[in-house]
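So that we are looking at the same thing, I have put the structure below in structure tokens.
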Amino acid sequence: MMDMSGQWRALAVAAMLAVSAGAASAKDVTITVWAGGTGPTDAYRLDAIEIAAGLLTREAALQGEALTIKVEKRAYPGWDDFKQALTLSAEAGTAPDIVASGHEDIAPWAQSGLIVPIESYIDLDSWPINDIYPNLMQIASYGGVLYGLPQDAESRPFFFWRPHLKAIGYSDAEIDALPAKVKAGAYTLANVLDDARKMQDKGVVKPGYGFYPRPLNGPDYWQFYRSFGGEMDDPKLGKLVFDKAAMGRFYKFFVDAVAAGVTRKNHIGTPFDQWYTEVATGKAGIWQGGTWHYARYTGQEGLKDFFGTVQFSLVPAGDKAGKPNTLTHPIVYLLTKHNDKAKMEIAAKLIEIASEPRINALHAIRSAHLAIAKQESNIPLYSNDRWTREATARLLPFANAMPNNPNFGVYWNVMWKGLESAWTGQKTVEEAIADDETELRSSLGDKIVIR
Amino acid sequence: MTSNFRAWPVVLALSIVSAPLVLMYVYLLVDTVTSTAPGSLIPYEFTLRHWTFLWTPVPGRPDIWRVALNTLVFATASSAIVLSLSSTAGYVLSRLNVPFRRFFLAGVMVLHAFPSVTLIVAIFLVLQMVGLYNSLAGVILVKAALDMPLGIWIMKGFYDTVPWEIEMAGIQDGASRFTVWRRLVLPQVRPALLALGLFAFLSGWSEFILPQVLAPDNRVQVLSVYLAGLIADDNNFDMALFKSVGVFYVVPVILLFLFFQKHLMNIYGGGTKG
Amino acid sequence: MNSSKKLGLLLITPAAIVVVMLFLVPVVLTAVFAFTNMSTSTGISGGAYQISPNALQELRDHYDMPSVAERLSQSGFAVDEPGLAALGKAGIDADIVTELRGHIGETFAARRDAERAIRNLNHRPSLREVKQISDQFNRSIMNARYDSKAALLAAVASVMPNLSGAEHQAIIAASYTGWTWTTGNFRRMASIPGTQRSLVNTMVYVAFTLTLFNIGFAMVLAITTFYMPSRAAGFFRGVWLLPRISPPVIYVLLWKWLAWDTGFLSVFLGRFGIHSRNWMLDSGTNAWVFVVLINGFVGASMGMLIFSSALQAIPRPLLYASEVDGASRWQQIWHIIMPQLRWPILFVTCYQTLSLLTSFDLILLSTNGGPGGSTEVWALATYHTALNNYAGNLEYGYGAAMALVLVVVGVFLSLAYLRLFNYRDLVAKPLIEH
């Protein structure tokens, strides 16, 4: 049997050793990072922080500091549960150190004190921050203060299945010219419904598959509002804007699509997995998706010849009042508020390093997102990729973003509820708009301009 | 049963009505060990590959055994708390003359049928204040607290059926009230304890919303949250995997049910009598 | 105090503590929260004071102080004497401070410019020092966060010294980021169309599930199994208990498998040329059928067990006698069995109304309120509002107000039931008094 006192002595020595080692400037830090809306192809959103930790450890070693960083990663595939978990854990004081979320969360989270401005922790003039596109930096700011660093960019274009366009009489040249036609406003959402109808009449797609938009809520739907001339906010007043007429025309477009039989009345709620498979296999004629879907179509869904089978364009204009447009919804790295300032500094440095073009290009290519920084296009991995190159040129110059406003979430939920009820036939467009207005007036008061 | 009525028409009728339910459960089992071509209803091969999640964790998800262990701890602990606290409180309300007894009893009655889950925001706040948010301990306590009024009510009902004579006799022999409860009364309600314990265990095993909201962390994930997360994730639609995890999740429940059917009937039916 | 009292208190205390802490306190808190505007942006645990874009807007719109708002919104950095003095206190290297003194009087519009100048000093301050220095020279209070009113007012005074007390109060109120008291939740509830809709949905849900399944079908099950050999009866009771004992997540998955586009129904009906579709979410009516079925299959088992045990209490000779008299099965059911079920039906109705009113997990997992909100019942709407929605805008205050409605309804109904089921008998005094 072992001598107990001997064991104790050994333990005590070990403990002392551990303590004294700690005193000699060794530092163990655990950084937790969460990301919302992050599937398997988006893994670099989290891995980039880990790569950054490796680099920072080396930098620290050169400065004589034994810094070890453990990165704990958590990806949430959806948004609802992610935001619930994050908000509650922040209230409980156990928020992760770094969060990758949509930029529209900046305003409410800044107000509640969940996040702190990253500009207090980093040097805005240093590389790679000084290379990030200014419009993305703008999107990551609220009230003139930079809260986060953009993690990626994307846009939410229209896709067309080339063989189906051909089946209804388009020539190859016409299909190639389609994006330009959309951009010029010569091909509108009304044409989308016509062509979708023709595809169904030809029998190349099943009823309800002519026009096949995103099957659940998303920033995407604001694009249609803009296509009909709607504005989400008035930057001068700093207020949200609810344009009844534009919102009505936008709702009506979907009601018309259902009436024409090109979109299913029960389309919303279609499982996203099924949706991906269908659009990537030519079950749908025209659909609206995201630039990052490219990774899914050509990867998991096995679409071989993307450019030979799919055309893409801006979201067409709805009518004279609106313009062809698209929306970019950058994910931003945000720094949460903690008491341990030194740890927050490390977290900020990790975010900074993770924004390195070469690291970001890994994410861009793996997940088919678009670059955040100018120099990224000088990295062959990125610039040799046909998809990112074409999508950047064709879409990004026309991309808007949702406003950073603490009340935008309320507006968004109301917009979606209204659309859903009109689309599914629970209410007429007029009723839906009237109900939206009542709800916005009673919940936001004069924080929103209704016109 | 009654001799001159034939049984087969009712059996037939009920069989037809029950068919969808039986069908769902039969396919639940069959689909986990077979592959079926899309658009077909008949499996074409036997396979165990849907069960690989037992030894290779699904990417991005915690290890299933860890999750199962959490679930076991969650269900067992909340059941133990419900059992021990309601067996004492139920006795007090049935037999002992404490101040505010009527008030307690009415409170338990009201809470028993109460919209507990609507309180979840406030419950979160309480847990956060005592530092138990996102911990198994916290959600165990909450689950136990929400099941407790029913537990107390049931135990009180069972104590009410224990004849007073047993206690009278004990007290005349000079035993204290505590000893009487412990030695004489408790053995009388053993079936009730078993039933309530099982009920609380199953209720904890099945619980979804409480752990989903109050303990979402991977470390403390339970099977319901794990499976719901798997289904909600639109990157890996795999009905056979969902079903296999589902079978893994439901089999212990069904076994318990088969073994203890009689006791459980007590509580699902009779025990909740007003 | 006698021994029974002491023991009683001792034995009941643990249960009482748990129930009070995690049940009664939350009830009270829910009532309190219902009168606040608590949300994601205000946070739950209090707030700070911040001249945010939102605060400026408040000052302009509600307090009619556009000029004050304008002044507060100005940003700027200035190298001045007080700033240099503060640097010394903050422990900045004296050489840096000396060098900065040479720049006294310089101003910068933006942080970036100020920090660029600081970084380019000959002494090359570290990033941390740059931040410390620029903080001391920051002469704007826009976006700064203060933990107390006093700190806020001190900062405001540094840029606008001559404000009145009323103006100070306005700035305090406008810049507060935390939650405030309000009765607006109830006004909003009364005015928005969604309220009426969830109410109607809830009534549809409770009425149909209760009458068709929890009572109706439960009775069918109890009576049919009553007329069966005991082995068959046991089998069917077992089958119909499956939905109740299966965890909701897996139980609902089975329904999805049945009803989804690529699910059993679609494939099966496809054989007969019917287009595959998502049967559950195809239309509002379809969704309701499934919601009622899903909940009803679970709910039926409770009534089944209670009614069955009531039927066991019917004296056998009575049944045999009626058969000898030539009563048909229907007559037997109507004249002998039904009267026996009167009280159990009342009980199940009462009990299940309450649990249906407040349960939403099965709907959450199956339709999640869709399509188009047609199956969004009150309890689910509460959950969505307070805790779970796509935009991540969690409105705790409004959600609590919605929950409070359920709480009040729940308390009233349970009190009414207590009267109905003779509460007095249930609380008969103990026979042993000491």
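Every chain is named by a letter (A, B and C) in the order it is written, and numbering of its residues begins at 1.
One rule holds in what follows: contacts are C-beta pairs under 8 Å (C-beta built on N, C-alpha and C of every residue); 3 or more make two chains touch, one makes a residue touch a chain.
Being a predicted model, the structure only gives us computed values, none of them experimental.
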Common touching chains of chain C and chain A = B
Report the chain closest to the protein's overall CA mean, measuring from each chain's own CA mean.
-> C
Could you let me know which interface, B-C or A-B, is made of more C-beta pairs in contact?
-> B-C
Farthest chain from chain A by C-alpha centroid distance is chain B
Provide the C-alpha centroid distance between chain A and chain C, rounded to the nearest whole angstrom.
-> 26
Chain A and chain B have mean C-alpha positions lying a whole-number Å distance apart equal to 40
In angstrom, rounded to a whole number, how far apart do the mean CA points of chain B and chain C lie?
-> 22
Which chain B residues touch at least two other chains?
-> 128, 213
Considering chain C alone, which of its residues make contact with at least two other chains?
-> 44-45, 262, 387
Residue numbers in chain A touching two or more further chains are 81, 84, 91, 271, 274
Residue ranges of chain B touching chain A (in the complex, touch as defined) = 59-60, 124, 127-128, 131, 133-134, 212-213, 216, 218, 229, 232-237
Which positions of chain A touch chain C when the two form their complex?
-> 79-84, 86-87, 91, 101, 104-105, 107-114, 117, 119-125, 142-145, 206-207, 216-218, 237-239, 264-266, 268-271, 274, 345, 406-410, 412-413, 416-417, 420-421, 423-426, 435, 438-439, 442-443, 446-447
Give every residue of chain C touching chain A within the complex, in rising order.
-> 39-45, 47-48, 50, 52-54, 56-57, 61, 75, 111-112, 115-116, 119, 127-128, 130-131, 142-143, 145, 177, 187-188, 191-194, 260-262, 275, 277-278, 281-284, 367-368, 370-374, 387-395, 398
Hey, which residues of chain C end up touching chain B in the complex?
-> 3-5, 7-9, 11-12, 14-16, 18-19, 21-30, 33, 44-45, 220-221, 224-230, 232, 236-250, 253-258, 262, 264, 267-268, 270, 297, 301-302, 304-306, 308-309, 319-320, 323, 329, 332, 347, 350-351, 354-355, 357-361, 364-365, 379, 382-383, 386-387, 396, 399-400, 402-403, 406-407, 410-411, 413-415, 417-418, 421, 423, 426-427, 429-433
For the complex, which residues does chain B have touching chain C?
-> 1-5, 7, 10-11, 13-14, 17-18, 20-25, 27-28, 31, 38-41, 81, 85-86, 88-89, 91-99, 101-102, 104-123, 125-126, 128, 141-142, 144-146, 148-149, 152, 164, 167-168, 171, 176-178, 181, 202, 205-206, 208-209, 213, 223-224, 227-228, 231, 239, 242-243, 246, 249-250, 253-254, 257, 261, 264-265, 268-270, 272-274
